[in-house]
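Presented below are the structures under discussion, each in the form of structure tokens.
In the two complexes that follow, chain A is the common piece, with chain B as its partner first and chain C second.
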Partner chain A sequence: MALQSLDIARRSATTTPAPGVRETAKVAKLIDVSTCIGCKACQVACMEWNDLRDEVGSCAGVYDNPVDLTAKSWTVMRYAEVEEKGRLEWLIRKDGCMHCADPGCLKACPAPGAIVQYANGIVDFHQENCIGCGYCVTGCPFNIPRLSKEDSKAYKCSLCSDRVAVGQAPACVKTCPTGAIQFGSKEQMKDVADKRIKDLKERGYAQAGLYDPPGVGGTHVMYVLHHADRPELYQGLPNDPSISPLVSLWKGFAKPLATLALAGVALGSLFHYVTKGPNEVSKELENELEKEDAK
Partner chain B sequence: MTNHWVDLKNSDLVIVMGGNAAEAHPCGFKWVIEAKKDRKAKLIVVDPRFTRSAAVSDFYAPIRPGSDIAFLGGVINYLLAKDKIHHDYVKHYTNAAFLIDEGFRFADGFFSGYNAEKRSYAKDTWKYQLDKDGYAMVDPTLENPRCVFQLMKQHYSRYTPELVSKTTGTPQDAFLKICEMIAETAAPNKTMTICYALGWTEHTVGSQNIRTMAMIQLLLGNMGMAGGGINALRGHANVQGITDMCLYSEVLPGYLSAPTDADVDRKTYLEKRTPKALRPNQMNFPQNFPKWFTSLQKAWYGNAATEENGYGYDWLPKKDGAYDVMALFERMHQGKMNGFFCQGFNPLASVANKRKVGDALAKLKYLVIIDPLATDTSEFWKNHGELNEVDPAKIPTEVFRLPANLFAEQTGSFTNSGRVIQWHWKAADGPGESRGDIEIMAGLFLKLKAMYAKDGGKLPEPILNLTWPYRIPAKPAPEELLMEISGKALGDVFDPKDKAKVIVPAGQQVAGFAQLRDDGSTACGNWIYGGCWSQAGNLTARRDNADPTGLGQTLNWGFAWPANRRILYNRASCDLSGKPWDPQRTVLKWTGKAWGGNDIPDMRPDAAPEEGVMPFIMTPEGVARLFAPALAEGPFPEHYEPFETPLDKNPFHPGNPKATSNPAARVFKGDMDSFGTAKDFPYVATTYRLVEHFHYWTKHSKLNAITQPEQFVEIGEDLAKEKGIAAGDKVKVRSNRGFIKAVAVVTKRIKTLDVDGRKVHTVGIPIHWGFKGVTKPGFITNTLTPFVGDANSQTPEYKAFLVNIEKA
Partner chain C sequence: MIRNPKDLQRYTASERANHWVVGISFILLALSGLAFFHPAFFPLAQLFGGGVWARILHPFLGVLMAISFLAIFFRFKALNVMTPADKEWLNRVGEMVDGNDHNMPEQGKYNGGQKMMFWALAVCMLLLAVSGIVLWRAYFSFPVELVRFGAVIHAAAAAVMIALIMVHIYAAIWVKGTIRAMWYGTVTRAWAKQHHRAWYRQVTGK
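Now for the complex of A and B:
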């Protein structure tokens, strides 16, 4: 399902060229971890806008709830208690799809049009095309997509592509009470981040910086981190994420081979048909099988 | 709040203590973030737990629950010892220079006048020395040993960093670092703001916790300033409105103290409450008390209220004792109450000592619940296993549920923490047979009135004479009510300077409380809301957020009481000559002819600076009180231990066991036995809210339930290790009043504190669960809390008590 106001730049398992007439700006969501109070309003806004209601779970001995992303929880707050040199920090990170410029999920996806990337940078799942193979899960360097047990389709944050398509900010951005989540063009968001990083450095966070990892071509969801040198402190944010070599293998080196092999099989079948005619089951065998079934 | 939400952005230093603004007030907290981002403000958090506010702070220090006065008294001592105060401000705008009665003393934990048997003070020495004209005597040099400044200095000299740390458990270096940061705002152009909430009020020394910080703000010259003030963050969307309308028996609307049995007639009542100025030339604004009170009587009794009948004074109930919430449940518990109307209130969950509350409700003949939800209280009689272990067969109380609308299903007004009254419009119809609260109350009233009219009865006048001028009597419109609250002229109102000049013709809305009269010519339902619905219309419905000041004053957004003033005491933002202490943040200034600037002056508009009219117009002395005799337990705040303390003595008064806890706090008979001791209950507990929930309400909402589904308690790693408890384990927490079971959250954010030579562990207990709702069923946290309250407000001590904990 394409949104009429959003051009699709890339489409999984598709070779049709992308449209290119519109001048679409690249968008980005900036999550300033240093001003996030972990209130989960973003989680609630996400559920409300997207008509999602996850299970009422249980307490696992931490503040995190739901404790992990699910097909119905597209964003969750992750709380990390970090103590160094006697100073305690409670690092709270909103986790969800990073909307990579070079999306591993899309690359890995074998189902035509199940994953698309819009010209504005948003990576979106079109579940009606999803075959539930789970390759996107393998392909994601951030461990984001989740397969639903209800319909065997993969889900994740859409960056509210429907809202963005009509000039609205994503629901989480709209609801964030402290302004820790902001939305705009990627360039704009980098400027906002610069100011925040300057402020943090003045407050003694010498390693404050922007998380926009180049290993995935940069992301359309970026973090301002107090400790940009150690993203892993924030509940395992990957230090230098890149697309799994398996995906590269499948899409890069192996895919032509696989295609070749498939083509070979097809070709072989054709030759077989042409030379030997259609396969026929012998009458004896058929009778035998029917007997078996009758039992 | 003396200031307002947006004004937090004007601060240089924000202290969050006795509250957890990020968590309990996430939307308002945005202005703290603005101050940090745009003003480079610093944020300090002092709390027993490293909270979500602390997560974005610049500096955090832990503190033992119930030791805030020790901490803040230590700050006062630091400021005075290091001479880090705003001298001109303290000298002119506070009662520092005032001389106190020679008989006033403080020794061994008691102030002069203590009566141990009554647990109260005779205050005859807690007063100013007066001259022959009845004015308070002052020593502008502040050197007289009987002046407030010297007495205060002496009082807090005991609050040394060593003793502070020993009492609070706050490491001394952290305490001193905070003192240093606070002291910087003694500069006239620097301000600190304090965001506090129930973390200060819910103690047996609650009012004094707040007062100690108020004293600090006065010493620093931060009251009346943009980015300063004392800011109570109200915990319920309209709880400021409730307080203003005085839905408490202690006061009438507009904080007018309610009549008691001792006030035999209107004259006696008024005389006691209409003070004379204590310094020359002061505004002594409370001298207008008779105008506010008479206008309130006219709003209630209309034409029936006449000069002859004292405007219906005899029809008002006269208190014969305390009727605060604990006193109420005490009466109920004693079987002295038959019926109870419970509107928008879930006392089984929210009042201390659930068992006592449940037992009390079981002694009623009837209980009426007016609420949008099926509250826990409405099922207090129903057995919910160990969550509510009762035998319905033994409870005779008949319970009626009247389904009410939610706020979004009603039109009306909200008053926020910053005193801004904002009109809101109904968003949806209520479901089923639910009705608006106004309609329910009107229905009850009309029925009662008809019964009194038909059957008579004892003293029918208060009901029969009540004025009820609404177009649809069974359904008064919210607009009609706000107009009544705001006030109108019943007869022509004349200019006091020119008796022939009509300033408000009969029938018109008044422009403000200055136009109210005590001769029956005006009616006003709440004087502080006076003018919110003027002849110009409903000012609370204004939504102009233009802010030419850049300070966020937005004078055309809603209506702030009083008089649309956004910052209280704003005259104190200027020096004696009327120049702002900080011209960059001008709130007010003297223009040569009048007070002008960016707010409604908290001063007579034409009071020239040379007249010497001081900024704190609500006191008869015109200045703010460092020494405040109105408080029950002393004119200077003193550290007393919570009623359940982990210590065997008050470190400030180790030799006087009677001064361990607040000597003036009320304890009901039998409740003393319900307190536990550290021997059986060695851990300090404190209760609080989580951002994911709102009191006992959102447990009925699926979205909230998803984000925080199950009851938990928080403990530090040391205690967890000692008790063999791992994160996620089920634990049982017991106090002397009962137990709860919950999941353990084991955290680095609660530290073991060194207090008076021992290790003190804190158990943190969120409040939100119960046996009704869509969250996982949970125990009512107030099963654990003690039934004793602040000596002034009687707010229960939910924030500091003792428990034990074990693996369940």
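Now for the complex of A and C:
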């Protein structure tokens, strides 16, 4: 087994098992929405570390800037103003790839090795293998990957896999001034979340909870939400997301069956020919016509 | 082979050329499309210069096929209207497949099977063209639920169409004296009399 800093547990469009003898601890990033002040330091740190400079856009009238994820903006802050019990609440969520344990992007990708899942749980895009079809966009339940207009490759947050590989926390975690983003083993992050949720509950947020949606096998980016019963309040964070049944149908057992059926038609034709023989023009008819001609 | 002046003209040069454009673009579409269909077929992308080229070329080939298919569709539509004799033929298709076609009902230019093939292919082509546009991320952007639906339709219609075309090609190989109709457009009178007797009578007046 090659010595690599992060072991690959799953690889897109690959039907054989990945090397799996080494056990690696699962990592997670915990975003405590209730501690985030919306300063966007994480957005800047992401650009900085990943060397990305998105085009300077224009103000859309709200704090959201850029207004959406792009091939060059792998994380964006989303701001929602909601009224709860007669009080205004400013809910701010750091959006980006959730690093699903059961990633729809990887399931949909037709290019071998364009999307990998490391043994520690990080889902990473390897652009050198990407063919630019956008199937990952179709497969993702969180609307995360973006196709670049410049090079037609898909991009998204890598959870700073390069940093994690050498024992560093992601750049956004490192930079957050309030400690709203934390990084560690998934178990550890769940413990941290538990304490925080208890605290929030004591402070009147009875529905506070952890967002680690089981529909996608849990995620390696988790949120602490004050309103965990209504994640959609946070600018449309999906409630109980899972890989769409259409994507499972498209990428599931139907295709191997269709492949077998096609092989069956091809072989069936061959054996029909071999057993029944060709359908020749009858000699009788030919002779008959020749006789007519001779007259 | 010396061609007999008494051979019957089945296809004009322009019909044949049209059919070859459809056929070639279909084969290229099937090979490039299968590359994305299942990992087992991904190596087919090498025929097009790699995965990225296959992804770029496939939809343009699709447009070429859709346009040339539409032309062929209008050329042959009227000849493929189903008649009671076709239904009778289809009911007894088992005998035909068994290699015993002596008692099959008399057929015009196309038999019931060919007509079914024509309409089934037309439906597949329509589904593939519409869903193909929905999947074409380089130039179009549709709501994701629609794209997911389109992906299922495109993959299913492609699998059905590939199976139909395999049957179509095999039928031409199986029935001797057929393929020349697509090379130079003529068939022998005996061929026509055996397989499409009503058409034979219509063109020879016998």
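FYI, the second predicted complex is superposed on the first by the 252 of 295 C-alpha atoms of A that agree within 3 Å, B and C clash if a C-alpha of one lies under 4 Å from a C-alpha of the other, contacts with A are read in each partner's own complex, and residues count from 1 in each chain.
Heads up, the rule we're going with is that a contact is a pair of C-beta atoms (placed from the backbone, for glycine too) under 8 Å apart; a residue touches a chain by one contact, two chains touch by 3 or more.
All figures in this text were calculated on a predicted structure; none of them were measured in a lab.
Peer 1: Who does A:67 touch here: chain B (first), chain C (second), both, or neither?
Peer 2: After superposing on A, A:67 lies clear of both chain B and chain C.
Peer 1: Quick one: is A:233 in contact with chain B, with chain C, with both, or with neither? Answer first, second, both or neither.
Peer 2: In the superposition, A:233 touches no partner, neither chain B nor chain C.
Peer 1: Pick one for A:177: touches chain B only (first), chain C only (second), both, or neither.
Peer 2: first
Peer 1: If we overlay the two complexes on their shared chain A, which of chain B and chain C does A:165 touch? Say first, second, both or neither.
Peer 2: Touch partners of A:165: none, neither chain B nor chain C.
Peer 1: After lining up the shared chain so the two structures overlap, which partner does A:18 touch, if you call chain B first and chain C second: first, second, both or neither?
Peer 2: neither
Peer 1: After superposition on the shared chain, which partner residues are touched by A:80: those of chain B (first), chain C (second), both, or neither?
Peer 2: neither
Peer 1: Could you tell me if A:9 is touching chain B, chain C, both of them or neither one (first, second, both, neither)?
Peer 2: Neither partner.
Peer 1: Going by the contact rule set out above, which residues of chain A touch chain C in the complex?
Peer 2: 13-15, 110-112, 129, 131-135, 137-138, 143, 147, 152, 244, 246-247, 249-250, 254-256, 258-259, 261-262, 265-266, 269, 272-273, 276-282, 285-286, 288-289, 293
Peer 1: Could you list, by residue number, the parts of chain A that touch chain B in their complex?
Peer 2: Touching chain B from chain A are residues 34-41, 43-44, 47-48, 53-63, 65-66, 73, 81, 83, 88-92, 177-180, 195-196, 199, 202-203.
Peer 1: Tell me, which parts of chain B touch chain A in their complex?
Peer 2: Going by the criterion above, the answer is residues 22-23, 26-27, 29-30, 33, 36-37, 40, 50, 52-56, 58, 60, 691-692, 702-712, 726-729, 743-749, 774-776.
Peer 1: Please name which positions on chain C make contact with chain A in the complex.
Peer 2: Touching chain A: residues 6, 35-40, 42, 45, 50-52, 54-56, 97-99, 101, 137-138, 144-145, 147-149, 151-152, 155-156, 159, 162-163, 166-167, 170, 173-177, 188-191, 193-194 of chain C.
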